[in-house]
Amino acid sequence: MASDAQQACFEAGIKFGALYHQFAGTPVSPASAPSLETAIEESIENQPFCEGVAVDILTDRLDVEHGYTELTGEYMEVEMRIDYEGTEVVAEMAMQDGYPLMELASVE
Amino acid sequence: MASDAQQACFEAGIKFGALYHQFAGTPVSPASAPSLETAIEESIENQPFCEGVAVDILTDRLDVEHGYTELTGEYMEVEMRIDYEGTEVVAEMAMQDGYPLMELASVE
Amino acid sequence: MASDAQQACFEAGIKFGALYHQFAGTPVSPASAPSLETAIEESIENQPFCEGVAVDILTDRLDVEHGYTELTGEYMEVEMRIDYEGTEVVAEMAMQDGYPLMELASVE
Amino acid sequence: MASDAQQACFEAGIKFGALYHQFAGTPVSPASAPSLETAIEESIENQPFCEGVAVDILTDRLDVEHGYTELTGEYMEVEMRIDYEGTEVVAEMAMQDGYPLMELASVE
């Protein structure tokens, strides 16, 4: 059997994979970024054990040569809190070496 | 060569396919539906020739047995206006016979 | 009322938007590109009025620094045939000026 | 710091969330299901620490009234093996109570 801490980490991973692959590719501009941030946060917070999601779309990095671009990990920082049966996990996503790295910040 | 009216219809179709397949599967509840409607509208309005998008998530139809469900065509009505070189197309999506039908309402 | 040619162009657009926004973001490597090409073609060919889809993932352009990358328009060329009530539309997608341009090749 | 077992569970979750939200909504029919199964498996196997993915699309459950339907958790069973620094996790997805449940089968 998996421990509660392992389950909590599994749940955190599910939310990150969901968030990324649901919204990657969405057309986004500096003007539309705030509504997209809110929608991403509120949609993922619907999922079980998810206590909070904070999404920051890095609008000053968006390529706006064509007026908008498609959302990828390059343009997004995410922090998420999961609570599974009393174990709290904080997980984060940010770019590292050109790759959108998702990692566990704390498991308590 | 395609006419401007044909191009306008092609552009309308692109936006509908994009909207549907980008956002289908998003976790949604009655509480999170308004932010998702706004994000869908503003993201698709970024695309070329798109003058306006109105999305209505049918919150009273959402299956909330698990607190939320995944967005599909069953839960969504959409109206969109495209302007391509002066030709205006209005297109709509709504359920018909259990299938999310996308159709041209007017081409002028 | 929209003409059959306009309807055919609308249908072509729907398939392009669907194809792009369903599969953008999919992890892809040179080794997995062939199965993804086939799956994209066969899934979109399920849609109404779609006679044929040919997808070419440009494997020599894929960034493989991390072993794989995420599919975007930059890595993909597409040709599609739509038949709506006897009107045949051919539409194509390829990069132009750093933007994945979808266009009508012929309407007959 | 998270343990290797916790990291392995986090990685398993990421792959499940990615798989589900990347491919949910894909048009699928009994005829196109095999190519989609292969593409899903091979695309997710590209991701770090992912040793193997097996996807079974339940073709006899597909609603084919319109010739095809959109892929959801209802139509799919998945098993996945993750190896993170020597810890092996097996995770599974199947329907339970009308909800596509993702769970840890073993952590070793």
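Just so it is clear, A, B, C and D label the chains in written order, and each chain counts residues from 1 on its own.
Following the convention adopted for this analysis, a residue touches a chain if its C-beta (ideal position, glycine included) is under 8 Å from a C-beta of that chain, and two chains touch if they have at least 3 such contacts.
Since the model is a prediction, treat every value here as computed from it, not as a measurement.
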Which of B-D and A-B has more C-beta contact pairs: A-B
Homomeric contact subunit B-subunit C: same or different residue positions, threshold half: same
Length of the line joining the C-alpha centres of subunit A and subunit B, rounded to whole Å: 24
Rounded Å distance, subunit B centre to subunit C centre (Cα mean): 19
Whole-Å gap between the CA centroids of subunit B and subunit D: 28
Sites on subunit B at which at least two other chains make contact: 18, 20-22, 25
Contact graph of the chains (line, ring, star, complete, other): complete
Residues of subunit A defined as touching subunit C within the complex: 20-21, 24-25, 65-66, 70, 72, 98-99
Subunit C-facing residues of subunit D, complex: 18, 22, 25-29, 31-32, 35-36, 38-40, 42-48, 67-68
Footprint of subunit A on subunit D - complex, ascending: 2, 5-7, 9-22, 91, 102, 104, 107
